[in-house]
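Working notes, structure below.
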Amino acid sequence: MPVFQELPLLGTERINRAYLRISVMAPELAEKCRPGMFFELKAGLPSQTRRLFKPISVFEASEGKISFLIKVVGPGTRALAELKPGEPLLLLGPLGNSFHLVKGQNALLVSGGIGYPPLAWLKRVLEPHNRVILVHGGSCAEDLFPCDRGYTLDGSSGDRGLVTQDIMDIIKTENIDIVYSCGPLPMLKALQACVGDLPHYASLEAYMACGLGACHGCAVPVGEGWQRVCKDGPVFAASLIRWEEL
Amino acid sequence: MNRLATALGRLRLKSPVTVASGTFDTGYFELFDQSALGAYTTKTITLAPKAGNPPPRLYETEAGLLNSIGLQNPGLKAWLNEDLPLLRDLLQIPLIVSFSGSSEDEFLRVLDGLELQEGIAGYEVNVSCPNVAKEGIAFGADPDVVFSLASSLAALTRRELIFKLSPNVTDIAAIAQAAEAGGASSLALINTLYGSAIDWKTGRFRISSFVCGYSGSGIKPVALALCHKVALAVRIPILALGGIHSWQDALEFFWAGASAIALGTAFYSDPLAAVKLRQGLEDFLRENDLSLRDIIGKAR
Amino acid sequence: MNRLATALGRLRLKSPVTVASGTFDTGYFELFDQSALGAYTTKTITLAPKAGNPPPRLYETEAGLLNSIGLQNPGLKAWLNEDLPLLRDLLQIPLIVSFSGSSEDEFLRVLDGLELQEGIAGYEVNVSCPNVAKEGIAFGADPDVVFSLASSLAALTRRELIFKLSPNVTDIAAIAQAAEAGGASSLALINTLYGSAIDWKTGRFRISSFVCGYSGSGIKPVALALCHKVALAVRIPILALGGIHSWQDALEFFWAGASAIALGTAFYSDPLAAVKLRQGLEDFLRENDLSLRDIIGKAR
Amino acid sequence: MPVFQELPLLGTERINRAYLRISVMAPELAEKCRPGMFFELKAGLPSQTRRLFKPISVFEASEGKISFLIKVVGPGTRALAELKPGEPLLLLGPLGNSFHLVKGQNALLVSGGIGYPPLAWLKRVLEPHNRVILVHGGSCAEDLFPCDRGYTLDGSSGDRGLVTQDIMDIIKTENIDIVYSCGPLPMLKALQACVGDLPHYASLEAYMACGLGACHGCAVPVGEGWQRVCKDGPVFAASLIRWEEL
């Protein structure tokens, strides 16, 4: 059951140039978080009064603290970057479902861009019970974060190219049993093409308004009709997603 | 004394704050108590299920929200069997069912189905959704069609019959008068304005359908002007909406002639908007020793 | 090569940036050089002088501006004798004269008077001002009336004939097609939306006339949607306006099918908006090695 | 000829509770200012990007410095109050006409509320050559500023009542030759009723958009038609104002 709260920002930290990491202390909320879940966030600044909340994945929830890793792309995320410690952060959540957890498997985690935070956390959660490989891609060095294999479009860090380019190889050589993914749609689509019949859980993105399942704004083609990323997702079994419509 | 008591035709409301069709569902009651609201309005339903429009369906503009949901709904039958029982169990406030159709016959068949059910206090007849090719706006733009539809529906029900009007017409007052003459017992206005947004870098429309519905604070001045125009043209009560966020916004609409208001997009910038609005209104009225009816339609 | 060159029918423009009728005058040229602009459009003039509406005439809303100027102007005769000579002396860019009337005959008499004068490059026929009881909107809302007016005016002039349309109609594309069929050589859209504001404390309208004109950033999504609708419906060029502030805003309208744009309310939040817009546009086109005509109407 | 400039805020000072005094260093502009003139001002903050400039009278222009005395009443003035020293203030001006200056006269200056700043400056300019009395009124002690006679509606400072209540007396006993005024319309109207045939120059207020005479938004009933407060005023000969229409 999601909660709406206004909490003082604990800390804010610039990472690379375009990213920031922010956190709040919220033991009860942190308890409820699982990898894949997200919050609708908004900076408690006058400029944001009439603006929408923005969906942001939980990057880490431990010891009562919840933190988020955010890329500044537009007005909403820019305002989050302006928020100073002690100023109010508005949170609605935790929202959505979470990744299906397994044991004793070889798990491949594939993230692109701002798909990184939920998989980074998933990795830490899976690792005690599984062998986990996290590959991550972005457009330049700025977009790279700690992972087992990194890719950049411009080759400025890690391997040059797409995060999906070596997936077939990795699946074979590492004997992968299960795939988890989060990132931009074209990446997920290309990934699903490589994954074949392996179990694959993909976390999808969508523009959101309510975050609660009320407005049907975040619909994606899953199963027979549309499913709501905010309420039915964000994690879907990749086999149920109608990829050709994305 | 409840300074906030109001009425929409046959419907007495303990709070003048209601919710805009399609923007709200009972999930919000996990965040606040339903008693803040005077009534609960459903998303628009249609006779057959509707899949809705492909994504992306939403985009936030400088002063509002664009949407193109495309009236996604499970259709009358599934709604009656799955949604209505849950709503009946949960709601302690009047239930208003919004519905639409692509022909007068379709509207009538939906009403027939709903009339057989208990626990429904009123209907909001959506003749104004701009997203769907055949439904909605075709009806909402022609006074003769609206009159005929209102007459047919009014003959079949004793429940509150609200007609929800589109702002995208030359003369909303004429449509309002046609609905009133046909037998609508109140009016809801406005539905969304036409709106669009394009990615200036690539030329791609931000939403899958080129022209979508525009709501939120940017449309408030339009909604207020049309509310006042209609208030001068009809005697039946008005449920006003369009960009209302705060209790001060709501007061403007009461002065202009609204008997109740609805919040839609406001929930997406403040999930507690309805609670705060109701409280702010009550405080204002108490401090000035006024009741809602002292100010409804008294703008000058 | 001038990547910004464009045309409105018979009128070649060195810059696609123009000014919205009634919002601008030559006083701004004390702040920036007129060469930023492709053309200069006057405030709307009428046959007889018009006093305009009583104050207050302006109110700033959350996302725009309400106005009720009431077409205040000195009338054709005084304008020809006092204003036109000054404009002719000062302007190095094409002069577009905006005019209106309360009957077809009045429009024709104004055109007759203007045709006798040199130094006028084109006309903007205002059939869309929402502030005045008899003028404007009565014409702008009826395709037959617009067709007849356009035919009569087109027969009398070889100058650029722009019809300026109102957004407050059910089907702007039908009006646009009527203007085109009659002989309008381009279209300007949109004029202001209906809008209103009330002092929530006292119930007083913020502006002396209850329903006034709403402009500024809050109306941009509407203007863009209607620009695209009209672009799909006609072949003549479109001069787009309504809430444009930045070069990114302007690009959205070019993608949607506009051949030129105009700034109005934007001047009141940045007197140099036109200069910055022109520069931003030029930089964008150069960096992407594009000309304006590569993007006009190419939204997808 | 007005100029459009972005200047760093020199200083800002809270006065009473609702007022602030801000200033910029601008020697060339200061030269051009005369009592009665005003600027269109806006805080150079992101929240103000799409907002209108607001007309504010020059409170003082001397030694290259221009200062303003501002009452916080709405979003525009609130943003001016938020502006910190060094942050950009946008100025368009100086705008409008100025008070007709006289010599060797007994001048009565009457101000109400935010009509005070131009008259306070006018007083300093007139004083070397005239005998000057400044009376000022407001609703409570907060609204009072240094003057020869102050009035408040609630009696919390100065005399209780309207600034116009003793005008007839003052005109007689002080042998007044000329009246200058600035304040809310009802005050100016009441004042004009007392002043009779004495020369009276009133500075009017109006909601403004362009400030340059372009939009005709600030029209007031003066002479035969309407005059623009921003361009033809703000100072008008009171005898030409059609008071009954205000």
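A, B, C and D are the chain letters, set down in written order, and residue numbers restart from 1 in every chain.
Operating definition for what follows: contacts are C-beta pairs under 8 Å (C-beta built on N, C-alpha and C of every residue); 3 or more make two chains touch, one makes a residue touch a chain.
Quick caveat, the model's predicted, so the values are computed rather than measured.
K.L.:
Quick one: report the Å distance separating chain A from chain D, using the average Cα coordinate of each chain.
P.N.:
Result: the chain centres lie 56 Å from each other.
K.L.:
Centroid from C-alpha atoms only, then distance chain A to chain C, rounded to Å. What do you get?
P.N.:
Each chain reduced to its C-alpha mean, chain A and chain C end up 46 Å apart.
K.L.:
I'd like to verify one number: the distance from the centre of chain C to the centre of chain D, where each centre is the average of its C-alpha atoms, in whole angstrom.
P.N.:
Going by mean C-alpha positions, chain C sits 35 Å from chain D.
K.L.:
How many angstrom between the C-alpha centroids of chain C and chain B?
P.N.:
So the centre of chain B lies 33 Å away from the centre of chain C.
K.L.:
Which positions in chain A touch two or more other chains at once?
P.N.:
As it turns out, chain A has residues touching two or more other chains at 50.
K.L.:
What are the residues of chain C that contact at least two other chains?
P.N.:
62-63, 217 - these are the residues of chain C that touch more than one other chain.
K.L.:
Chain adjacency by touch: line, ring, star, complete or other shape?
P.N.:
It is a ring, because the chains touch in a row that closes back on itself.
K.L.:
Of all possible chain pairs, which ones touch?
P.N.:
So, checking each combination of chains, I get A-B, A-D, B-C, C-D as the touching pairs.
K.L.:
Which residues of chain D touch chain C in the complex?
P.N.:
1-4, 42, 48-53, 76, 92, 206-210, 212-221, 225-226, 231, 245
K.L.:
Inside the complex, what are the residues of chain D that reach chain A?
P.N.:
So the residues of chain D touching chain A come out as 46-47.
K.L.:
If we count contacts the way the header does, which residues on chain B are in touch with chain C in the complex?
P.N.:
Listed in rising order, the residues are 61-64, 66, 141, 168-171, 193-198, 200, 203-205, 210-212, 214, 217-222, 224-226, 228-229, 248-249, 251-252, 255-256, 295, 298-300.
K.L.:
Any idea which chain B residues touch chain A in the complex?
P.N.:
Residues in contact with chain A: 22-25, 27-28, 30-31, 43, 51-52, 54-60, 63, 65, 67, 69, 72, 216-217, 245, 265, 267-269, 271-272.
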